[in-house]
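These are the structures, in structure tokens.
Below, chain A partners chain B and then partners chain C, in two separate complexes.
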Partner chain A sequence: MTAVSKTTVKDYLKAAAYYLLAIAAAFGVAGLILLTMHQDVLLGYKTILTTSFSSLPNFALTIFKFTPIYLMGLGFSIPLASRKFNVGIEGQFLLGAVGAAAVGITLTGMPGYIILPLLLTVALIMGAIWATVPALLLYFFRVNEIISTILMNFISFYLVDLIALGPWRDVTAGYPMTIPISSSARLPIIGSQINIGSLFTIALAVLGFFILYRSTFGYELRASGSNPIAAFKFGIKTSYLAPLSLVLGGAVAGLAGGLEVSGLYFRLVEGMQSNYANLAIIVSLMARGNPVALLLTSFFFSMIEIGANAMQRTMGTPYEIALITESLMMLFVMTVDAIRQKRR
Partner chain B sequence: MNYAELTSLLGYILVLMVPYSLASMGIMVGGRVGVFNVSTEGVMLSGASAAFLVTYFSGSYTLGILSGIGVGLLIGLMMTFFANKLKIDQFIVGILLYIFATGFGSLLYKEIIGITLYPPRVNLLPRIKIPLLSQIPYLGPILFNQDAIVYITILIALLLYYLLFKTSFGLKIRSIGENPRAADALGINVFLMRHIFTLIGSALMGMAGAYLALGFTGIYTNTIVSGRGWISIAITIFGRWNPLWILVGALLFAGVEVLVYTLQAMEVSMPYQVLMMLPFIITLLILIYTSRKAEMPAALGKPYDRESIEE
Partner chain C sequence: MKEISKRFGEVQALDNVSMKIGSGEIVGLVGENGAGKTTLMNILYGLYKADKGRIIVNGRETNIQSPKDAISHKIFMVHQHFKLIGNFTSLENIILGSTSGREDFKRMNLQVYRKRIEELMREHKLEIPLDEKVKNLPAGTQQRIEILKALYRMAELLILDEPTTNLTPQETDELLRSVLEMKKRGISVVLITHKIREIVETVDRVVVLRKGKLVGEVPKNEITPEKVVEMMVGRKVDLESELSNIIVPRAPGAEEAEILRIEGISTTGDEGIKLKDISLAVRRGEIFGIAGVSGNGQKELCETIMGIHRPIKGRIIYNGKDLSEADVKERIKQGFRFIPEDRMIDGSLPTMTLSENIILGFQNFEQFQRHGLLLYEKINESARKAIAEYEIRAPNEKIRVGKLSGGNIQKVVVARALLLEPGLLIAYNPTRGLDIGATEKILRQIVELRNSGVSIIMVSEDLDELMLVSDKIAVMYKGEIMGILSKESFDKSKIGLMMAGIREGGIGK
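After this line comes the complex of A and B, so read on.
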């Protein structure tokens, strides 16, 4: 961990081998669970690992899942740099979706180049506002952010229910959702399947990397996270950095919600957050909060998600097996880390 | 509202007090030895799932509650292995185990029962009428006509209070949460105690979930816990990591929940979603209120490593 020791290619390969072992172990447990459920284990592995690449629509679907998982992962990663756990990405995502739906439904007859930036900005701001509450509680009262952000999630669930069943309710649908947004508020689709939203993730990955690892703000944020006392003594204003990082994380998660409304659902739908938040937390931890590594982990988990959904359809295996495998994977990765650190 | 309705409504406060206080005491017990276990919400869901399934197929409440406790112990074993043995960040382990346990509880039910139009149901835990005392007007039917777990929960709180605050063993335990290095120097087996109390804490969380299924709903759904685990963390902080104050906090939140149901039943002119938000908003307000004088075990959340230099 020290700056003096130089990491060589051999070290990287060694680390990669250890992580592969951890991932294999998680798949091993998943296999055991499949066995107890009298399922074909090998077919299960094949479905999980290859469905994403089996056809163009499946690949497009993987990219569709990748976008919110990545952006919410980034929303978790930014506060993680200052050792804060933004478990509220779910609510921030939903508030972004609420904001996007409000803009898309109310503003009609405007050209796309005006309404789209407006919609995404509103989504971003709504997410940030939702994160501002826990941020202020942290700044003024030192309320633990895990609890406060989770509580904000529950409030957001009922808020979405209220709006989806309110004046904008789509009465023709048998499920809580709003009427669709105007056609000019929808993200254009490039190629045949993939929308512009996924391009945002690449741009934000680069931006996020530069903010966290190449800017003064990012440096101070990481310093305040890894050693708050030292950072404070070096004159870094640690007290406002962590709350600010929560707000930034909320903005990114809100943007994810806006992109989902504008690029996929074209309306606010109850439950549209799926279990993205849980996945985003795991992929962010696995990438150690690094926005570029997050691209990889997010894609890997999107792949598992598509595979697990296919498994549920074709083999009748409950989807939850993916959730179990994914959380175990992270626990095993950290186990490997802990053991390697002890040996050093 | 007539007499019978009023007493049954107020009786529900005691029923709902049980999951809140068992879960909070689970968090408290771990916290007293320095382990902040935030997996509560997930452990409760797993406990509810296991307890429901076992009682549904065996017809035994005892076995149901015990399997809820068993699942709690299982996840507690993972918690203590990753957080105490490997010294991985307690919050990260807790969040991951919350996700794991949520998946586990839901998978268990889906695999065994499957998706049904009407969820299968078990009868709620039988109520025990305490002779004479239950005849007292108003108080009798509220306090002395409850199921066994209500009484057991109060006993557990009293027992934990006595153990932690009135015995020398309790003093030793609490010293681990305050200053593990000093406790270690005094010859207290810090590691063993951290393992044991993490397990006990997680078992209590599992029992809390079991009671939700067997004593409150009679069915299992994936939304059976719906935030009560997270609220329990706030109750623990509000209760200053003291079993008796936790009981008070649990009663308070049970009261808020019953109030929400009552207002819904009375069809007040407020959207029900706003009413459902209330417990969470009140929890946030209580967290602000307690922040000024929050007393927490000093070593809470910190792994203990004999060889490390930093305190």
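After this line comes the complex of A and C, so read on.
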């Protein structure tokens, strides 16, 4: 038995070494790009890797980025277990934000302990509803979820426009956004800086892990992702599991939108989804859909984002260097996976 | 071929293997699954490149990089899975690739080609309908087309990979007769097989491989199946006498209670072969064998009994209960167990652990979950037991099943089916791809299961194996049962005729 566990440990170490190599390679190439821009590469690395921990405000900023990236990553990871690609997390996030804004704007004069749970629940449901459309299309007509969720994203952009320029429009702002939500609908801040919404990520990481890896539901979901034919022939109702996982993913992404409205912007703002969806997909794929590993990858990416912002301020390096590094990392991880597969 | 070595990752597939093929010689290349037979021939045919070693053709050292090179040296290979174009006729398939350019196509003087091919058909006793589309032809005929294709291009060496797998016994005899015809005309033939009995009469020499190493050669006059099998496995094996020790005969007339009754099952054929009015009854402690050339509805029948497909007509009664409406989950709960046709396609979850694979279908059973949460302690324990009992070569129960070898995945699939007291086992080729040792073990387990009162439906394309363990055999042809024989009346040629669609005495059951 000891020999066996030794080999597993060795395997894990080997895998870790491979991924470190991939990350190092990504940083290496990013460094070369910095060189061509006549930048101080080592200072760049230092800024990217340490800014998040340099001060409490910077750490809080990192957490602010981390929360939506993680939750949307989870919204991508749950359907990923059944091999469905929920590219619609962006739209589901926005619909969650719309729902949260609607609750926060219309319900005034209610205490926070009533309005906050209500707001988050509505956000969750709105995200789920937005994912239900592709889910039903998948269930009844086997419409590819990648296409349908992307199309739902487009609709969501214009829906946000419509609302941000509609009756709730903040006329004092020079940019499409709604009037702020009531003060009781705002998430409390803990430790003077850190948004309480980030605690949701930890709770959902644990919950997500248990659902996916410990429950019979998660088992059936993963089985139908691993081999739908085998799962079906052994009595798993694969036809409804995949659509259901999309709806669950949508709910989580919707919650992320609700948390952003209630904890950060206090209103619906056009473009508030930033590039979170793309980052979320990358971190989820890198974590292989594991909610716990996703904590690490999301945090790492948030760090790079904050670091790159700092670089732009202090060194004048374009922020896009973050995107380049992140994409390279994904590509190198994929390369490493391919190599590992081949060497087997 | 001299001192050929080939390594796939950590596996040494071939280790310093040398072999000679004389002109006009029939060589049997035998060994268990994974012994390296096909790999060796794929190297000769240019599909793989050897890490080490030389290939000498007609006295000259040759560098064969691709099948194209092999063909230019008049070396041809017929694979287990034929590479024909279904929508083309036999004639078109034969000449495909051998026409020498635009002009030929323009003229497409089919009459000329036809004449040459008809000549070949006569010479080699290989009859095929030339104008029929290939997709409508049975496997035996398709194989003849492949062989004719090679002969048409003046093959001097023909490699046949497991040529008897998809044939009825009669078709096998015909094939071997044509092989002898080819020998007469100076063509060399390599027969790759693990069924030594079938080729004993035909071959001039047998080359035995075991685990990538050359074990030895046996010239014609010294070949006995027992000896060759011993060389293949590395120890004495006698499946027949081993199993006959534990097969308890039943007193005639002392028939036990009927466990499963199938009444007039028909399907739409959407899932493959259309089943036509199938009725059968399986008794307690009985192995009910289903014979037939693969693809004649065996798979569809098994899956319909499992509840995977809904029949349009007919009833399924198990232990007196009508389960026609029950889904797979319910049937598994009632004691149905399933070893599906293909361990990779429908038998395993490659990205999940061995433990998780072992409980597929049982994930909602009391033993393995409480309030919807899986009890991994118990699941892992069951998996560890299975690893020990079935000698699954895995470092531990948490390994992803996709990382195991095919034979070991098969053991996982079998272990799952026998994990929790089966009532009815539906076993589709349970020993597929297993070495002789593991085959023996699994057949023994199935027989012991039968002795303990479990009913078993077993599909196998290995007729010898099926006749050895079954109490009854039903023969399927094009979705119908051609006849059901009981043990006393098992007869290979009779079964073979039914496999080809000829009913006993020309009438139905």
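Keep in mind that, in the parts below, the second predicted complex is superposed on the first by the 337 of 344 C-alpha atoms of A that agree within 3 Å, B and C clash if a C-alpha of one lies under 4 Å from a C-alpha of the other, contacts with A are read in each partner's own complex, and residues count from 1 in each chain.
Please note the rule applied: a residue touches a chain if its C-beta (ideal position, glycine included) is under 8 Å from a C-beta of that chain, and two chains touch if they have at least 3 such contacts.
Every value quoted in this text rests on a predicted model; they were computed, and no experiment measured them.
S.K.: Putting chain B and chain C onto chain A via the overlay, clash or fit?
M.R.: Fit: chain B and chain C sit side by side once superposed on chain A.
S.K.: Under the stated touch criterion, which partner chain does A:Ala310 make contact with: chain B (first), chain C (second), both, or neither?
M.R.: A:Ala310 contacts neither chain B nor chain C.
S.K.: Determine, under the contact definition given at the top, whether A:Val122 touches first (chain B), second (chain C), both, or neither.
M.R.: A:Val122: touches no partner chain.
S.K.: What is the value, to the nearest 10 degrees, of the angle subtended at the Cα centroid of chain A by the Cα centroids of chain B and chain C?
M.R.: For this superposition the angle at chain A equals 70 degrees.
S.K.: Using the touch definition from the top, say if A:Phe210 reaches chain B (first), chain C (second), both or neither.
M.R.: second
S.K.: Which partner chains sit in contact with A:Lys233 here, chain B, chain C, both or neither? Use first/second/both/neither.
M.R.: Once the two structures are laid over each other on A, A:Lys233 reaches chain C alone.
S.K.: Pick one for A:Ile282: touches chain B only (first), chain C only (second), both, or neither.
M.R.: first
S.K.: Please determine whether it is chain B or chain C that touches the greater number of chain A residues.
M.R.: For chain A, the partner with the higher number of touched residues is B.
S.K.: Looking at the superposed set of three chains, what is the minimum CA distance between chain B and chain C in Å?
M.R.: 6
S.K.: Note which residues of chain C are touching chain A in the complex, please.
M.R.: Going by the criterion above, the answer is residues 9-10, 303, 306-308, 327-329, 331-332, 338, 340, 345-352, 356, 360-361, 363-364, 369, 372-374, 376, 395-396, 398, 403.
S.K.: Inside the complex, what are the residues of chain A that reach chain C?
M.R.: Result: residues 4-5, 7-8, 210, 214-217, 219-220, 222-223, 225-227, 229-235, 343-344 of chain A touch chain C.
S.K.: In their complex, what parts of chain A are in touch with chain B?
M.R.: That would be residues 33, 37, 85, 87, 133, 137, 141-144, 146-148, 150-152, 154-155, 158-159, 161-162, 278, 281-282, 285, 318, 320-324, 326-328, 330-331, 334-335, 337-339 of chain A.
S.K.: Which residues of chain B touch chain A in their complex?
M.R.: Those residues of chain B that touch chain A are 38, 78, 82, 86-88, 91-93, 95-97, 99-100, 102-104, 106-107, 110-111, 226-227, 230-231, 233-234, 237, 271, 273-274, 276-277, 280-281, 283-284, 287-288, 291-292, 294.
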